[in-house]
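The structures considered in this document are given below.
The following pair of complexes shares a single chain, subunit A, combined with subunit B in the former and subunit C in the latter.
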Partner chain A sequence: MSDIKIKSKNLNVYYGDKQALFDVNLDLNEKEVTALIGPSGCGKSTFIRCINRMNDVIDICKVEGNIEIDGIEINDKELDVVSLRERVGMVFQKPNPFPKSIYDNISYGPKIHGKGETKNELDEIVERSLKKAALWEEVKDRLDEPGTGLSGGQQQRLCIARAISVNPEVILMDEPCSALDPIATAKIEELIDELKKTYTIVIVTHSMAQAVRVSQKTGFFHLGKLIEVGLTEKIFKNPDNKMTQDYITGRFG
Partner chain B sequence: MTKEERLKKRHNSEKRFRFYGLASIFVALLFVLILVNNIFSKGSSAFMKTAINVEVFFDPELLEVKNGSTLDEIQEADFYDVTIETILKSYPAKNLDEENELIDLFTTDAEIEIKNAFIKNNNLVGKKINLEITASDDIDQLHKGNYPRDLPEDRRRISNFQLKIYDNFVADDKIIKNFNNYFFSNGDSRNPELAGIGGALVGSFYSILICLLLSFPVAVLASIYLEEFAPKNKITDFIEININNLAAVPSIVYGLLALQILLATIQLPRSTPLVAGITLALMTLPRIIIPCRASLKAVPPSIREGALAVGASKFQSVFHHVVPLALPGTLSGTIIGLAQALGETAPLILIGMVAFVVDIPATPIDPSASLPVQVYLWSESAERGFVEKTSATIMMLLSFLIVMNFVAVYLRQKFEKRWN
Partner chain C sequence: MSNEHTVKSYEEELQFLIDSVIKMGSLTESQMVDSMDAVIKVDKDSIDKIIKSDEEINKFRSKIDTQIMTLLVKRAPMAIDLRETISSLKISQDLERIGDLSKSNAKKVKPLPLDLPEELLANLKRLGDLVIKQLNDVLDSYVNKNYNKAKEVWEKDEQVDDLTYIAMESVINFLSKDKKNLDFSTHLIFATKNLERAGDHITNIAETICFLIKGEYLKGNRPKGKVIQE
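Presenting the complex of A and B:
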């Protein structure tokens, strides 16, 4: 069994008066893919946005409880979110490359964190990140073209490359394939398989098949509660909870 | 109603709508055409002036200078006798009245024009040259066909004798139409043939420059703070409502405010571009903040999230990503705000820019005219020559506005980036 990388304890999240997460206790293993499934609005995205404190951006959002990464509490007002997000990268549902060149998209993160002092170092980081994101061969001759000019799947891989350019430990993926066609999806899934050797990955997905294909561990959320979590194989073949059973067999959701 | 009937009705209503739309556009264009045609037909003649070709003899006996006098000595010297002699020689006048009428055909600045010609060419003492002297406003208007000559003599500003001289000059090819350099280089004047928009141009330029320097940074920083950093609560809502209201406040109210605070309390010099610029900046501020905030709001949140997710601070995500994307909209909003300020008249009248200022301002704290107020001033003047000057000034003002709006559109189209 792998080591625990991220540990959430009694996590409650509120949007104004509405409670979005109820006492979520979830452990995520290092260098593994954890899939979070559940119907829309069940709190999966809210949960992963707690891991890199992206919920801070939302004025009315209040987070209570604990999240530890490597045993260190991150839900602490004193903690510097900039260095947290350097360690915990994120890929969003809709590809959101900056309207800049492909090169600038990748080099932006390292630049602001002071990684890659020289042009050579930056070039290296850009090449390494794009190779890891399996995009290098497709774009190496047009690095100065705008990232927004790529196809949807390429844009999403560009965003993955952008996330890994700062060399994070964790990558959060919020339905990364929901806007992509099956071929692009297959490429991203292959990529996730490769990336899990280096990174701890949490992926939110609506596709049961995708969860089965890419993840080792799966958590099922419903109405803000974590209903069941366990090895992916077990969740999909022999879940303990009736609701999980109903959801994965398509009876609701 | 059958299906066919319903379908026909739908098609008819679409046709009607198209017709109304086309008709509206036609009416709007018609109004623009009438306006532009009116201004052009009245104003275009102001860019030409009428001059009379005369022979000037720099008589050593009448001149107070000789060849080799210094520039200062020439500037001090009197060219009056030479001027009068020149004019009287151009046509035989029998008595003093006729002589005076003859002199009235030339601009009051004839002496200065002769002096300038003397300064430009060296060693003219004792020599004769041909010079084109600007005609008086009456002759100018007569020659341009703006003055009716079939009125009875006692209702005309031009006497029968003057008409005779004019006809004689025309027959001798002595009347010439030249480019009206005075219109651009001179300040205001009581004599229409000498009046120009030089002072108003410089005054407006200084005013708009000060307006830009004050309003742009304040408006941009206020917008960025309100849009990106400020918490959303009752206080910021209140500020937002106030900004929107301020943009709708009649401009004359800003004039009253400036009159009270800038002139009466702080005692800044009145009629100056400095005060005009500050007043216009107050007025323009909300008009820039609104488009500036709109263009910040138009940047999709995913760009901010993308930046934050790679570990950019709030400040970095705003200034590296959001602001550059909002810049084209911000700039074009600013330019359109400035264009409005350029055409603003009411507040400037209240702060005293309506004063009669002949000099072209050297600094923003000299008394000055401005383009829209110049239009207002001249439109009130009785002399015929000011009618064309008024329209010509409007033409200048309109062309500045068109250029500014064009630049705004260009900036937006050139630098606006497309996202997803």
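Presenting the complex of A and C:
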């Protein structure tokens, strides 16, 4: 049994008058991949954005309830959000490298977090991060070229390398493969498998097959509520909840 | 299945698969009835027809295989749909084997004499009737997705074992009366054993249906009747 890394308790989120999450209680295990599935607008992205307080940047967004990482409440207003986001990295749907060189894309984070003092240290971080993101071999001879010049799949791996460059504990992935072709997707999925040895990963995906392939645990959201959570195998072979079954078998609506 | 799929053609493909299994099942059942009838009446004229019907059953099996492959590739079924698909594969395999056993029994009719002892035939018939009833019940539980009925079939195989034992005894009795009966008896022993094996395939189907409905396998060991020494 894995240890719990992230724990949400009675989490409620509102965008103005509209409630987006209702009493979500969800435990995420350390060094495991948890997949969140559900129709668009069901709250799964809202949920993961609570884990690194990305919702703070939305004025009308109000978060109530608790989220603990390693037992420490992160909704505490006193908490340093910058250091939280250093611990909880994020990868988005569309690859969004900085309009900078491949090298700078990776070294930017460590620099601002004071993690690489010297050029040598930064070189090492860049190489290590790119290797971990399975991109090193493809880009090692052109680190000074713009990150935006890479293919979509490479850009997404660059973003993953950027996320891990500051040595986080958790990586949030919001549909990281939705803009990628099957080969690039396969590479990211293989990477996720590798990364879970080091990091706790939460992935939002619309692909059931992807959820089955990459995750150990799956949570199904619907209309802001966590309907069912359990071992991925169980959820996709024999879910307990009829709504979960209807969704994963394509009988919704 | 309650709600329908958003994709109508998916719904139709799954239903088509289930229908194929049902049709294959009813074909297997009528073949078994014919085969049993041929044995009991020592009716040598119906052998060819029974062999022919086995070809039909085998064709169904390949058709179902193709349907399953297409479904897996096209739809990547999940949960109940996945279990439905996998169960079709397993059930059609068992049905095909049952068809083979009925065919094998029909072939055994050819060398049999027309004056077999009545008691022996009666014991064989009791066994055959029970196996046919079991097949009918298990197919019924598949059509109606009836868990309890499938489980009953599974449990009732014990009686098939018992009747097999009784039938075997009467064949051995027949053999011991006259050494000249050796040839006939060998055929009859195989025919009896085939019925018992068909019963085992029927319990496999019952297990598959229970898995299909509840998503978990039946727990514990199936009750067993008297065991025939092999």
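To be clear about the criterion, the second predicted complex is superposed on the first by the 252 of 253 C-alpha atoms of A that agree within 3 Å, B and C clash if a C-alpha of one lies under 4 Å from a C-alpha of the other, contacts with A are read in each partner's own complex, and residues count from 1 in each chain.
Just so it is clear, contacts are C-beta pairs under 8 Å (C-beta built on N, C-alpha and C of every residue); 3 or more make two chains touch, one makes a residue touch a chain.
As the structure is a prediction and not an experimental result, all values here were calculated from the model.
**Q** Now for A:Ala209: first (subunit B), second (subunit C), both, or neither, which partner does it touch?
**A** After superposition on chain A, A:Ala209 lies in contact with subunit C alone.
**Q** Could you figure out whether subunit B or subunit C reaches more residues of subunit A?
**A** When the residues of subunit A touched by each partner are counted, B comes out ahead.
**Q** Quick check on the superposed pair: does A:Arg85 touch subunit B, subunit C, both, or neither? Answer first, second, both or neither.
**A** In the superposition, A:Arg85 contacts subunit B only.
**Q** Can A:Tyr103 be said to touch subunit B (first), subunit C (second), both, or neither?
**A** neither
**Q** For A:Val166, decide between first (touching subunit B), second (touching subunit C), both and neither.
**A** first
**Q** May I ask you to decide whether A:Phe252 touches subunit B, subunit C, both, or neither, giving the answer as first, second, both or neither?
**A** Touch partner of A:Phe252: subunit C, not subunit B.
**Q** On the A-aligned overlay, A:Tyr199 touches which partner chain: subunit B = first, subunit C = second, or both, or neither?
**A** neither
**Q** Which of the two partners, first being subunit B and second being subunit C, lies in contact with A:Phe221: first, second, both, or neither?
**A** In the superposed model, A:Phe221 contacts neither subunit B nor subunit C.
**Q** After superposition on the shared chain, which partner residues are touched by A:Phe47: those of subunit B (first), subunit C (second), both, or neither?
**A** Neither partner.
**Q** Per the definitions at the top, what is the overlap between the subunit A residues touching subunit B and those touching subunit C?
**A** none
**Q** Tell me, which parts of subunit A touch subunit C in their complex?
**A** Contacts found on subunit A: 208-209, 236-239, 242, 244-246, 248-253.
**Q** Sort out for me which residues of subunit C touch subunit A in the complex.
**A** My answer: residues 1-7, 10, 76-83, 214-216.
**Q** Spell out the residues on subunit A that touch subunit B in their complex, using ranges where they run on.
**A** Touching subunit B: residues 52, 54, 57, 59, 82-83, 85-86, 89-90, 92, 94-99, 108-109, 112-113, 146, 148, 159, 162-163, 165-166 of subunit A.
**Q** Note which residues of subunit B are touching subunit A in the complex, please.
**A** Against subunit A, subunit B makes touches at 231-232, 300, 302-313, 316, 320-321, 325, 417-420.
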